[in-house]
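The structures considered in this document are given below.
Each of the next two complexes has chain A plus one more chain, namely chain B in the first and chain C in the second.
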Partner chain A sequence: MATFIQLVVDGLSTGSIYAAIALALVLVHQATGLINFAQGGMAVLAAYSAWWLTARGVPLVLAILASIVLSFLLGAAVERWLMRRFERGDPDTAVVVTIGLLTLITGICGWLFTYNNQQFPSLFSLDAVSFLGVSVSQRSIGTTLVIVVVMFLLQGLFAGTKLGLALRAVAINPQSAAFSGLPVERLLMVGWGLAAVLGAIAGAMVAPQLTLTPGMLDNALVYALAAVILGGLSSPVGVVVAAWIIGVLENLAAVYIPLIGYDLKVAVPFILIFVVLVIRPQGLFGRKTVVRV
Partner chain B sequence: MASVPSPRQRSWVRWAGPLLLVVVLAVLPLVFPESVNEIIARIGVFAVAVLGLNLVMGYTGQVSLGQIFFLGLGAYVTAYGVSNDWNIVVVFVLACTIPAVVGLLVALAAARLGGLAIAMVTVALPIVGVPLAKRLSDYTGGSQGLSARFGDAPEGTGLYDDQWRLYLVLAIGGAVFLLTRNLVRGKYGRVFAIVKKNENVASSVGISPYRYKVLAFTLASLIGGVSGFLYMLVIQYTSPETMSFGHSIQLLAAMVIGGAGSILGSILGGAYYVLVPQLTNLVDPSLTALLQGATLLVVLFVLPGGLASLARPLGRGRRSSHDRRGPTPPITPSATTGSGTAAETPETERQGHP
Partner chain C sequence: MTLLELEDVTAFYGPVQVLEGVSLSVPENGAVGILGANGAGKTTTLRAISATVRAGGRIVFDGKDIRGTRPDRVAALGIAHVPEGRGTFGDLSVRENLRVGAYLRKDRKGIASDIDYCLDLFPNLQDRITSNASALSGGEQQMLAVARAIMSKPRLLLLDEASLGLAPSTAKAVYDAIRRLRVESGIAMVVVEQNANLAFTLVDSATVLETGRNVLTGTSAELRGMDEIRRAYLGG
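Right, the complex of A and B next:
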């Protein structure tokens, strides 16, 4: 039973990482109607910049904050200079652009920092705490808490501020938003920037565990995409729940189902998707949309 | 019309070009040194793989990040069959059908979600495929991979092995290209084009986008299996690395750079996939990924039709005369090019972005 609870808590923590990246994907999709396959790559670049700063003697918290600011600028710049040209066009082309961006960013990271694994200092200690007789690592709890707090902040931003209202307006109907005087293009940049910030936080949380490599978040991106499919692109809450379910299930499957084991646990979300797609094609929490010709 | 003799002339021209190509392809392997023959054979292998990707992505508009998985699957099936001394024809048939069946199953689930879901699901294929290949080590040789040698030149032909293999690649690859070209120029190609352009229009005229997306994906998987067979023939070794995520992205980049929705573009894409990494490795191996990403983005900005669109002005004169042949029935343009639906496009695009 103790192992079980430990697995569940660890699963929630990795699930939170997937949730953060999945939320970033949803944010970008809401704003611009496309899936950013470079979301993980941008987060890796942020993690590398934080790592570079800590190696220069900057305290870890400051380095992560700096990398978050940098990511916001990077996200906004990518929207302004790269994606804007493709946003109104064919979504398939736009997806290929983000794949090109992923290759480019991976290449930049590999070129600047080599493809070798780099140790990223952890924000939380690795010691376990005893909680109701079960020992759970502080890092798992810390990661989960940070991501949950970030989600609440994001929710507050969207629900309670003028900026959030404007962002939602742009997501629902860019043309009407523009007619009512909103700076749509700048808001799109803010949306991309916020998504990049989410990614950067996730990257800084997971980097100590995975060790820093240019392809560090490739798998996490796949999990996040799975969460997005399961949760439904229109439902941030659904995406987060799906990410947690995936994190916990894959951890349990790795230990309790020998056929799957640690090496094949990446298949778990896709078995889940297979089942869900056959039963509920609109995703667990998504709504059926009707498009008229 | 005064064009009574000209169709006959044109049919001459139409046959002379391909005939010349066949003759050149038949002679070249005899002339080139072994290393060049091997590079051409590799280009042929990946041209077929890119062609499969083009069928589902370029012609039907469904982004697939899993094509390399079907190449790897075909290669593994071939390697397993050859090392167990199965009849090579049986091996070839299995190398086609097994990837096609897997592709069908994946597509049946993935195509249920509209839009970009196929991209989001197929990205899992290489990522799950690599550990799966390592796990099934009884069949795949684990991380070590499998090697199998077949397709040596039969005695009496007087050919070297590399020449014989290149002929096999050219024959099988050429057949796949010919069949695919006929497919995309015919009825199915028009349906794929409508599904790509506007799924809602397709379903409003009684075409099920789901069914044709599944069909395109299955055929692409089958062609991927053929390329896997050829891969084994030429390279004679496969490992989990063959179907890695990085290779999957490179294949997609090769298709876009070669030219999406173009037969010629598939060949150029195959050449890009084989030659350019060698060039960038010469410059600086650590820059390879950076240069490839930058190239892809530059091509998307400057040359959205890929390298094949550079060749299009050359063929324009011929194509326009081709179009003028015979009185065109009024249905064809709206069905093929979608010019009849152009008026509705702004409307549907607006609703497509809720």
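Right, the complex of A and C next:
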């Protein structure tokens, strides 16, 4: 039983990382109707910038905050000078451009910082807290809590603020949005900037655990995509819950289903996606809209 | 006082010129119709005004040449475009659509009372206030499109074929409401319609376009009396 609870808690913590990337994907999708495959890459770049600052003696919290600001600017700049050329055209082209961007960012990180694993300091202590005979690291708890807070902030943004409403309107129909006086281009930049901020938070949470490499979030991106499809593209709460389910099931399956084990656990979310999409094509929590990937 | 003046306006989709020189004059509080067959350039004329097509010539609103401004800036000047096909936000609720319409406004009380006004003008929307726009009937979507435009408190409304695809009774209901809006608010209007009978219930004067040019302009009474208008647009 203790092992089981341990696995669940660890699963929630890794699931939270997938959740953060998934939230970023949802945000860009809400604002532009696109899936940004470079989301993980941009988050890695943010983590490297925080790491570079700490290596120069900047306190960790400040370094992470600086990387968050930088990420906002990077996200906005990517929209302004790269994606804008493609947003009005064929969505498939735009998605391919984001895949190209991922490759480019990974290459830049490798070239600037080498492909060696770098140690990234942790925001939370590794000390364990014990309850019910289970010991859980403060890092697991902290990571999960941060993501819960971010999830509610994002849900509140979309459902309860003028900015969130404007972002959604621009995604649905940019021309009508402009007819109502919405500054479409600036809103798109803000949407991409905020998504990059979410990525930066995820990067800072996961880097201590995985150690920093240019491809650090490649796997997380795959899981995040699975969470986005499972949770429904329109629901921040939905994708976070889906990401947790994936994180937990993946951990449990690896231990309790011998056939799967650690080598095959990456298949778990895809089996889950397959089953869910057959039963509920709009995802577990999503509204019925067409997924445009 | 003239609110909007188009002088010799041209427009292009890529290299293709579709307006060859259109003129139009809308007085303050006036309503002017644009009639014409499919493909005559009616929609493009509205798009030239709202800066969503590349245009030449002079487009003067409230004394300023606004040609070449951005669409959102044109909206901010007080021009609300209700596009052909309605352009409502399908995944947003009726109330959210109306709030997007009020994006540029800061007066919370005024926004709330204008939402009430829209629901009074279009009672069909009352029960649908929390429904997604995509779940509305065609007539309700058209009403929502007009209501969204009203929410920006415009000085000029551009209406593009508000009757398109609607049953005759629904189309009449939409035009009745717009006529009431005109009387109560004094908002000036440019009304594009293929159904000239319907248009003449709303506008004071109209111009007829053919292949991107004005071919006839006159008051509603004058145009209604002309044989060629009767034959081409009034069904006899």
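Here is the rule we go by: the second predicted complex is superposed on the first by the 280 of 293 C-alpha atoms of A that agree within 3 Å, B and C clash if a C-alpha of one lies under 4 Å from a C-alpha of the other, contacts with A are read in each partner's own complex, and residues count from 1 in each chain.
Convention: a contact is a pair of C-beta atoms (placed from the backbone, for glycine too) under 8 Å apart; a residue touches a chain by one contact, two chains touch by 3 or more.
In this text, all values refer to a predicted model and were calculated from it rather than measured experimentally.
Chemist: Please tell me which partner, chain B or chain C, touches more residues of chain A.
Modeler: B
Chemist: Output check: A:F179 vs chain B and chain C. Expected answer is one of first, second, both, neither. What do you get?
Modeler: Once the two structures are laid over each other on A, A:F179 reaches chain C alone.
Chemist: After the superposition on A, what does A:G33 contact: first (chain B), second (chain C), both or neither?
Modeler: In the superposition, A:G33 touches chain B alone.
Chemist: Based on the superposed arrangement, let me know which partner A:D218 touches: chain B (first), chain C (second), both, or neither?
Modeler: First partner only, chain B.
Chemist: Tell me which partner A:V228 touches in the superposition: chain B (first), chain C (second), both or neither.
Modeler: first
Chemist: Of the two partner chains, chain B (first) and chain C (second), which one does A:T93 touch, if any: first, second, both, or neither?
Modeler: first
Chemist: Would you check which partner chain A:L264 touches, where first means chain B only, second means chain C only, and both and neither mean what they say?
Modeler: First partner only, chain B.
Chemist: Tell me the contact category for A:A169 with respect to chain B and chain C: first, second, both or neither.
Modeler: Only chain C is touched by A:A169; chain B is not.
Chemist: Which parts of chain A are in contact with chain B and also with chain C?
Modeler: Looking at chain A, the two contact sets intersect at 172, 175, 289.
Chemist: So in the complex, the part of chain B that touches chain A is made up of which residues?
Modeler: It comes out as residues 57, 61-63, 65, 109-110, 112-113, 115-117, 119-121, 123-124, 127-128, 131-132, 134-135, 198, 200-201, 203-204, 245-246, 249, 252-253, 256, 286-294, 296-297, 300-301, 304, 344, 348, 350-354.
Chemist: In the complex of these two chains, what residues of chain C are touching chain A?
Modeler: It is residues 50, 52, 70-72, 75-76, 80-81, 83, 87-92, 96, 99-101, 103-104, 132, 148-149, 151-152 of chain C that touch chain A.
Chemist: Of all residues in chain A, which touch chain C in the complex?
Modeler: 162, 165-166, 168-169, 172-173, 175-184, 234, 287, 289
Chemist: Looking at the complex, which residues from chain A come into contact with chain B?
Modeler: Contact set of chain A toward chain B: 33-35, 37, 82, 85-86, 90-93, 95-97, 99-108, 110-111, 114-115, 172, 174-175, 214-215, 218-219, 221-222, 225-226, 228-229, 261, 263-264, 266-267, 269-270, 273-274, 277-278, 281, 283, 289, 291-293.
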